[in-house]
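Heads up, the next two complexes both have chain A, just with different partners, chain B and then chain C.
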Partner chain A sequence: MKMNKRFKACLLNLIAIVAVYFTFSLLINSGTLTRYHRNIIFTICINIIMAVSLNLTTGMLGELALGHAGFMAVGAFTSAIITKAWGISTVISFPVALIAGGLLAAFFGLVIGIPALRLKGDYLAIITLGFGEIIRVIIINLPITGATKGLSGIAKLTSFNYVYIIMVLIIASLFTLGRSRHGRAIISIRENDIAAESTGIPIFKYKLFAFTLAAFFAGVAGGLYAHQQGTINAATFDYNKSIDYLVMVVLGGMGSITGSIISAVVLSMLPEYLRDLTALINDLLPAIKITDPRMLIYSLMLVLMMIFRPKGLLGTAEFSLLNLWDFIVRHVKRFASLITRHLPERKKAITMPEVPKYDYANLDLPVLETKQLGIRFGGLQAAKDVNIKLMDNEIVGLIGPNGAGKTTIFNMLTGVYKPTSGDIVLLGKSIVGSPTYHITANGIARTFQNIRLFKSMTVIENIKVAFQTRMHYTPMEGIIRAPRYSREERGIDIRARELLSVFGMEDVADTPADSLPYGQQRKLEICRALASNPKVLLLDEPAAGMNPKETEELMNTIKIIRNRFSVAILLIEHDMKLVMGICERIYVLNYGNIIAEGTPDEIAHNQEVVAAYLGTAAEESKEESATC
Partner chain B sequence: MLFLNQLINGLHIGSIYALIALGYTMVYGIVKLINFAHGDIIMVGAYVSLILITDAHVPFYLAVPVTMAFCALLGVLIERLAYKPLRSAPRISALITAIGVSMFLQNLAQQIFTATPRPYPTVFTVAPIVIGKLSINFLTVLTVSVSIVLMIALQAFVRLTKTGKAMRAVSEDMGAAQLMGINVNNTISITFAIGSALAAIGAILYSLNYPLISPTMGSLPGLKAFIAAVFGGIGILPGAMIGGFVMGIAESLTKGFISTQLPDAVVYGILIVMLLVKPAGLLGKRTSEKV
Partner chain C sequence: MKSTRFVTMLLAIVMCLSFCSGAFAETIKIGGIAPLTGEYAVYGTAVQQGADLYLDLINAQLKNEGSDKQFKIVWLDNQADDTEAQNAYYKLVDQEKVVAILGDVLSGNTEAVARCAADDEMPMVSASATRYEITTDRPCVFRTCFLDPFQGVVMANYAKTLGLAKVAIIYGNDSDYSIGVAESFEAQCKENGIEIVAKEGASFTDTDFSAQLTKIAAASPEALFVPFYGSEASQILPQAVSAGLNNVKFLGVDGTSDIVAFISDTSLLTNMVYPDHFAFDAESETIKNFISAYKDKYGVEPTISFAATGYEAALVLCNSILEAGTKKADITEAIKNSSYDALSGVITFDDHNDPIKSAFIMTFDAEGGKHFLVQQAPL
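Right, the complex of A and B next:
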C-alpha cells in the first residue's frame, strides 16, 4: 500500500512534468508564444532555480544568506567567457560552460563558507552580504569580465529545453536529497544544532555542503541567465538581487521547495500583470496620473503577506500533486480503481545498519573514566579534579545541588565544552578535544535537561538522524536514489521502528515530534540517543517534570535499556527516589568537586552530602535529604 | 597633508554614519530586527527638510526640529503598523517586512517626487577654517560636533533616565521587563522615535554634504551605517559610534590613496575581518547558548 502510494506520486509528478514540457514546447515551436512571453518563461525557470537553491541554505539548513546573487554572477561570467572564447560546437561548449560556471561558483561558496559559516543568524547574513558585494566589486574591476562595461555579444544559447530540463533536474535532486540521510542531517541542524551534533552529525561539514551545493546551482542559473540576456553587467548582481530571491523563498515558505517554486512563478509574473493594471487605472482615473506603481504595489503586498502569513505561503509543508489527486479522487470516486491496481510486491534488498564494534578487550577496565577533570570559565572554577569511573553495564548517578556543575561535566564528556585540565578516557582512548559528533560516533550519547528534539520532523525521522553515522551512501547516491540508498534506508526504517516499539511508541512514529506529550518527548530523546548505539548513555534529568507514575515507568525503562542495549548509564537526577532506586553507585558533586562516592545506602548516610543538600548541620534527618 | 585632509573627510562622513548607525543598533538591540527601512528614513528626512527650506521657506533652525518630529512619527508608525504584528513571528519574516517597507518608501517617494534628483540648498556660507596649510570646512566642524554632542546625549539618556533604563531592560528580556511593569510597546515606540529622529539629523547633515536628493539616496548611507553598527557590535551604542568613524575613515582613505572604485570592497573587507576575529563585533560579547 505504501509503495503504491509512492509510485502513484512519482507517476503523477512525471506526467505533470512531461505535460508541462510538451505544452510549452508546442506553444513555443508553433510560434503561439511571442519572444516576449518566451523570455518571461525563461526568467521564471531561472528564478525558480535561484529560489529553490537558496531555499537549501535558508530554508532547509536555516541559515540566512544574503549573497546568493554573487554566486549567480560568478556562474554567469564564467560561462559567458567560456562560450565566447571556445570556438567549438555550442552543443558541447554550452553544457560545459554551464557546469564550469556552477563549479567555480561552488568553489567560491566553499571558500566563503569556510570562514562565514562559523557565524550564525544575522551575522552570517551580513557576512554573506559582504562577500556577495565583494564578488561584484572584483568582477567590476577585472579586465577579463569586461570591467564596468560587462560582457556583451554572448550567444543566446539558453533554450526552453535547456532551461526546463535543468530546472526539473535541480528541483528533483533537491527533493531526493531532502529525503536522504544527508537531507535529514541538514534539516536536523535547522531544528536544533546542538542536538544534531550530539546525535553524531558533523554540523559544520553539512552546513558547508549545503552552502556549496546551493552556490553550484546558483552558478548554473547564472550561466543560463547570461546566455538568455546576451549581455551581462556585474552591477545587476548586487544585494538587491539577492534580496529578491530571499523574498521568493520566504514568501513561499522557508524549507518548502514547492512553496519556493510557486512564489518564484508568481513574483516573476506579477510585474507583467501589474503593468496591465497600471494602464487600466490610468484609463479609468486619468485625474490621478500614476507612473508605473508596480514596485509600490509589490512592496505593499510583501508587507501585507508577511503580516498575515508570517510563515509564508506553505510554511515548511510541501504541495503535493498526489494529495491534490487524492483530493480529487475522493470526490470523484470512480477514477480511483484506474491507478491503484499495479505493482506486485517484490522482495526488496535490505542493508541493516551495522552495529559498531567497540574494540576493548578488558572488561575490568572502565568504559569511561575522567582523570582530574576540571574546567574554568574566566575566574570561575566550575569543576575541579573530578574523577568518575563508569564500568560496563553500570548505572551510576551524578547528584548535587543546583549549580554544582553536573551538566558542565556532561558537556565536557560530550565535547560541548573543552576541559581546561585533566583527561577523559573512553574505551581506553582520550577524547579530550574531539568534536562532539566524533565523540558520539565513538560511543557516548546523551539527552538534554531541556528537551532538544528536531521538532518539525516526525518521530521516526528524529531517530533516523541518529543512524546517520552508520550509513554509507553518498549525497549523489541519495539524489539519484541508487540501490545502496534504498537498501540502507529500508534497513534503518526497520531498526528505527524496532527501537520505537521497545518504548511502546510505534504508533506515533509518523507524527511530528513537537505534538507528542511531554513524557513521550523525553522518551523519544532517550530513544534517539540509543539509536546511535552508544556504549555510554548520559541522561540529564530524565525525570524532570514527570509525575510519580511516569517516574516509576521511567525507572523500569532505564533498567530495560541497560539490559537490552548493554550500555553504561550515567544519570543526573534530582528525584532521589529514582536515583536511590536504580543507581548502583552515586557520585555527589558540590561546587565542582566530588564530595562523596558510594552505594545509594552509603550516600544516604553521608553527613557531608546531607549538609551540602540542606545547608544545615548534618543531624537533619536523611528522609528530608531524600526529597530534594 | 593629504592624509590629514582625508582623515578629516573620513571623520566628517563617519560621524554621519555613526548617527545613522545608532538608529540601527538601538532598534536591533530592542527588537532584534535589522531595520532595512532605516536608510529610507534618511531619504524621507532629506525630502521633508528640502521642501520645508526651499518650498515653504521655513528657516533652517525651524526646519530641523520639524523634520526630526516627522521622521520620529514615521518611525513609530512603521513599527506599529508593520513590525508589531510580527513580533512573535519568525525573525526572517520581520526582516522581509522591513525590506518591503524600505521598497515601499522608495517607490512612494518616486511616485511623489519622481526619480529625478533634486539639488539641496546651501545653508551655510561660512568660510573654511584655515590652520596652517590645512583648511577645514565649517560643515565638517558642525557635523562632527553635532554628532558627538548627540551621541553623548543619547548615551546619557539611555544610562541615566528612567525611560533609558526601561529601554535597556526591554532589550535584555522583553518578557521579564513586561512583568516588572514596563510598558514594552511604548518603550519600543520611543526607541524607534529616537532612532528615526537621529536619522533625520543624519539626513540633513548628509544632504548638506552631498546635495543631491533622490528616492534611492538612503540605501547607500543606510547600508554603510548598518555595517558600522555590526562592526561595533550590533545593539551596543558606543560600538555603533566607533564603527561609524572607522567606516568613514576607511572609506575616505581608500578613496584618497588606493582607488575610487574600491571603498565599498574595503568597507566590506574590514567588516568580514572583524567578524571573523570577533564574531559579535568589536564591543559585542559572544553569548553561547546554554546546553
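Right, the complex of A and C next:
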C-alpha cells in the first residue's frame, strides 16, 4: 500500500516533468514562444537552481549563508573561460565546462566552509557575505576573467534542453537526498545541533557537505547563466544578487524545495511585469515617480509574508503532485486504481543495521570509568578528581545540589567539554579528546535535561537519525536511490518501529515530534538514544517535569531498558523516590567533588550528604552569628 | 492538461499586453533600451528625453510633408541589469517587431545588447556607451558619443594647453571605464611631456578617499585627474582640499558632468574642467533651438549631455530609415554612410562605427552653472 503510493507519486512526477518538457519544447521550436519568452524561461530555470541549492544550506541545514552569488560567479567565469578557450565541439566542451565550473565553485565552497562553518547564525552570515564579496573582488582583479570589463563573446550554448534537464536533475537529487540518511542528518543539525551530534552525527562534516554541494549546484547554474547571457561581468554577482536568492528561499519557506521553486518562478517573472506596470503608473501619475519598484515589491512581499505566513509560503512542507492528484481524482477513482492495481508485489531485499559488536570481553571490568577527572573553566574548578565506575548492566545515580557539576560531568563524558585533567575510559579505551559523534558511535548515548528533539521531524525520523552511525550508503547512492539505499532504509524502518513498540509508541510513529505530550517526548528522547545501540546510557534528569504517575511509569521503563538492551545506565535526578527506587549505587557530587558513594541506603544515612543538601547545624549557627 | 491550459492563458495575457502598446499601422517602431528606474536612471532618462524630443520634431515634419509615416520609440527599462537588458532586446525585436534599436546606456548593459544585435544584424545606435569594444567587429552597432580613450587624450591635451607640468591621478580600480580613461590620459600626458607624479587606485563604492589623497598631496601636483562619476567626484573634491590640495585644477571625465547634483560646496567646482559630448551654451542656432524645445517639452533645461547624444542617435536612426526603408541591412548601410546635420555639426561615422566628433571642455561657475571653454577637435 505504502509502496504503491510512492510508485504513484513517482509516476505522476515523471509524467508532469515529461509533459512540461514536451510542451515547452514544442512551443519553443514552433516559434510560438519567442526568444523573449525563452530567455525568461531560462532565467527562471537558473534561478530555481540557485534557490533550491541555497535552500539546502539555508533551509535544510539552517545556516544563513549570504554569499551564494559568489559561487555562481565562480561557475560562470570558469565555464566561460573553458568554452572560449577550448576549440572542440561544444557538445563536449559545454557539459565539461559546466561540471568544471561546478567543481571549482564546490572547491571554493569547501575552502570557505572549513573556517566559516565553525561559526553559527549571524557570524556565519557575515563571513559568507564577506567571502562572496572577496570572490567578486578577485574576479575583478584577474586578467583571465577580463578584470573589470568581464568576459564577452561567450557562445550562447544554453538551450532549453540543457537548462531544463539540469534543473530537473538537481531538484530530483535534492529531493532524494533529503529523504536519505544524509538528508536526515542535515535536517537534524538544523533542528538541534547538540542533540544531532550526541546522536552520532558528525555535524561539521555534514555542514561542510551541504555547503559544498550547494556551491556545486550554484556553480553549474553560473555556467548556464554565462552561456545564456553571452557576456558576464563580476559586478553582476554582488551581494544584492545573493540577497535576491535569499528572498526567494525565505518567501518560499525555508526548507521547502517546492516553495523555493514557486517563489523563484514568481520573482523571476516579476521584473518583466513590473516594467510595464512602472511605465504605466509613471505615465498616469507623473507626480509619483517610482524609481525602484522591484525593491518596493520585494519588501512589501516580505512584510506581508511575515505577517500572514511567518514560515514562508510553504513553511517546511512540500507541495505534492500526488496530493493534488488525489484531490482531483477523488471522483474518478476507477481510473486511479487501474494504474496501481496490477503492480506485482516483488520480494524486497532488506539489510538490517548491524548491532555493534563492542570489542570488549572482560565484563568484570567497568564499562565506563573516570580517573581523577577534572575540568576548570578559567578560575572556576567545576569538577575535580571525579572517579566514577559503571559496571555492565548497572543503574547508577548521580545526585547533588544544583550547580554541583552533574551535567558538566555528562558533557565531559560525551565529549562536549574536554576535561582539563584525568581520563575517561570506555570499554578499556580512553575517549578523552574524541568528538561527540565518535563517542556516540563507540557506545555512549545520552538524553538532555531540557528536551532536545528534532521537532519538525516525525517521531520515526527522529529515531532513524540515530541509526546514522550504522548505515553505509553514500550520498550518491541516496540521490540515485541505489539498491543499497532501499535495503538499508527498509531495515532501519523495521528496527525503528520495533524500538518504538517497546515504548508503546508505534501509533505515533508518523506524527511530528513536537506534537507529542511531554511525557512521550521524554520517552522519545530515550528511545532515540537507544537507537544508536549504546553500551552506556546517560539520562539527564529524565523525570524533570513529570507527575508522580509518569515518574512511576518512567521507573518501569528504565528497568525494562536495562533488561532488554543490556546497557549500563548513569542518571542524574533530583526526584529521590526515583533515585532510591531504581539505582543500585549512587554517587553524590558537591562543588565538583564526589563526596559520597554507596547503595541508596548508605547514601540516605550519610551525614555529609545530608549536610550538603540541608546544611549542617554548625554551619547554620555560624551563619547566624555572622549575620548578628 | 491543466498546466498547458494555464500556460496558454498566461501567454495570451502576455500577448494582449504587447498588442496594447503598438497601435498604428503606418508607425515605424524603434526599440529604446535604457535604465529608467534605479541608480542610473538620470542617464537613461536623459537619453530618453533627448530622443523623444527629436521624435516630436520629425513626426511633425513628416505630417507637414503629408507623409503617412510616423516614428515611435518603444521604451523598455533595463534597471541597469544585463539580463533585463537582454530580455528587453528580445521583447522589442521578437514581439514589438522594431526595425532598429536605440540604446543601451551603460557600457556593460550595451555590451550584452550589442552582442544580441550583432547576432541578429539588427541596426543599433547607442547614445552613451563609451567603452571601445562595443562597436568592434559589429558592423550594425553604432554610437553618437565619443570614446573612453578619446576623452583621456583630450584631457591630457587640455592639460598641456594649460601649461601644467605635474599631474596626479586618482581612479576607480573596479571600473573599466575609470581604468580605461586613466590609462589613455597617462599615455597622452607622457607624450605631451607632462609628469605623472602620483597614481592612486580607489573603489567606486568608497566614501573615504583621504588615504589616497594624502599620498597625492605629498607629491604636490598642479592638477588632479578624477575619472569618476559625479557622486564619487563630489566626495573626492572636498576631501582633496582638506588633504592639502588647495590650488590644484581638477580634471574630470564625461561622467563627472552631473557633479552639481551631489556636491555641497559648489565653489570648488570653479577649479573643475571636464570633457563633454556637447556644450549647452555653445553659440550655435541649432543648439539654442534644441535647448528651447527641450525646455518647452520638459520644463527644465538639459543638464546631462546624453540628452543631446540621445537626440542625435534618434536623428541618425530616423533619417537612415527614411532614406533606406525598414530592411535591417539597408538601415545599417544608411547609418554607415550618413552625414546628417546634427546638433554639433555634421555627424559621420569612422571605420569603427564611432562618430567623428569633437569634445567640449567645460567648467562650472561658483553657482554650479556649466560653461563652455573650448572645443577639442577629433583625433
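The rule we apply is simple: the second predicted complex is superposed on the first by the 584 of 628 C-alpha atoms of A that agree within 3 Å, B and C clash if a C-alpha of one lies under 4 Å from a C-alpha of the other, contacts with A are read in each partner's own complex, and residues count from 1 in each chain.
Definition applied: a residue touches a chain if its C-beta (ideal position, glycine included) is under 8 Å from a C-beta of that chain, and two chains touch if they have at least 3 such contacts.
It should be emphasised that the depicted structure is a prediction, and the values quoted were computed from it without experimental measurement.
Taken together in the superposed arrangement on chain A, chain B and chain C clash.
When both complexes are overlaid on chain A, the residue A:I127 reaches chain B alone and has no touch with chain C. Looking at the shared chain after the overlay, A:I140 reaches both chain B and chain C.
When the two complexes are overlaid on their common chain A, residue A:V250 makes contact with chain B while staying clear of chain C. With both structures placed on the common chain, the touch criterion links A:M352 to neither chain B nor chain C. Residue overlap on chain A between its contacts with chain B in one complex and with chain C in the other: 137, 140-141, 290-291, 293.
Listing the residues of chain C that touch chain A in their complex gives 1, 3-4, 7, 11, 14, 17, 36-38, 41, 75-77, 79, 81-84, 86-88, 90-91, 93-95, 108, 111-112, 115-116, 119, 131, 133, 173-176, 179. Within the complex formed with chain B, the chain A residues making contact are 58, 64, 115, 118-119, 121-123, 125-127, 130-131, 133-134, 137-138, 140-141, 194, 239, 243, 246-247, 250-251, 254, 290-291, 293, 295-296, 298-300, 302-303, 306-307, 310-312, 407, 411, 416, 448. Residues 16, 19-20, 23, 27, 32-40, 43, 137, 140-141, 147-150, 152-153, 156, 229-233, 235-236, 271-272, 275-276, 278-279, 290-294 of chain A are the ones touching chain C in the complex. Listed in rising order, the residues of chain B touching chain A in the complex are 28, 34, 82, 85-86, 89-97, 99-104, 106-108, 110-111, 114, 223, 226-227, 230, 234, 261-262, 264-265, 268-269, 271-272, 275-276, 279-280, 289, 291.
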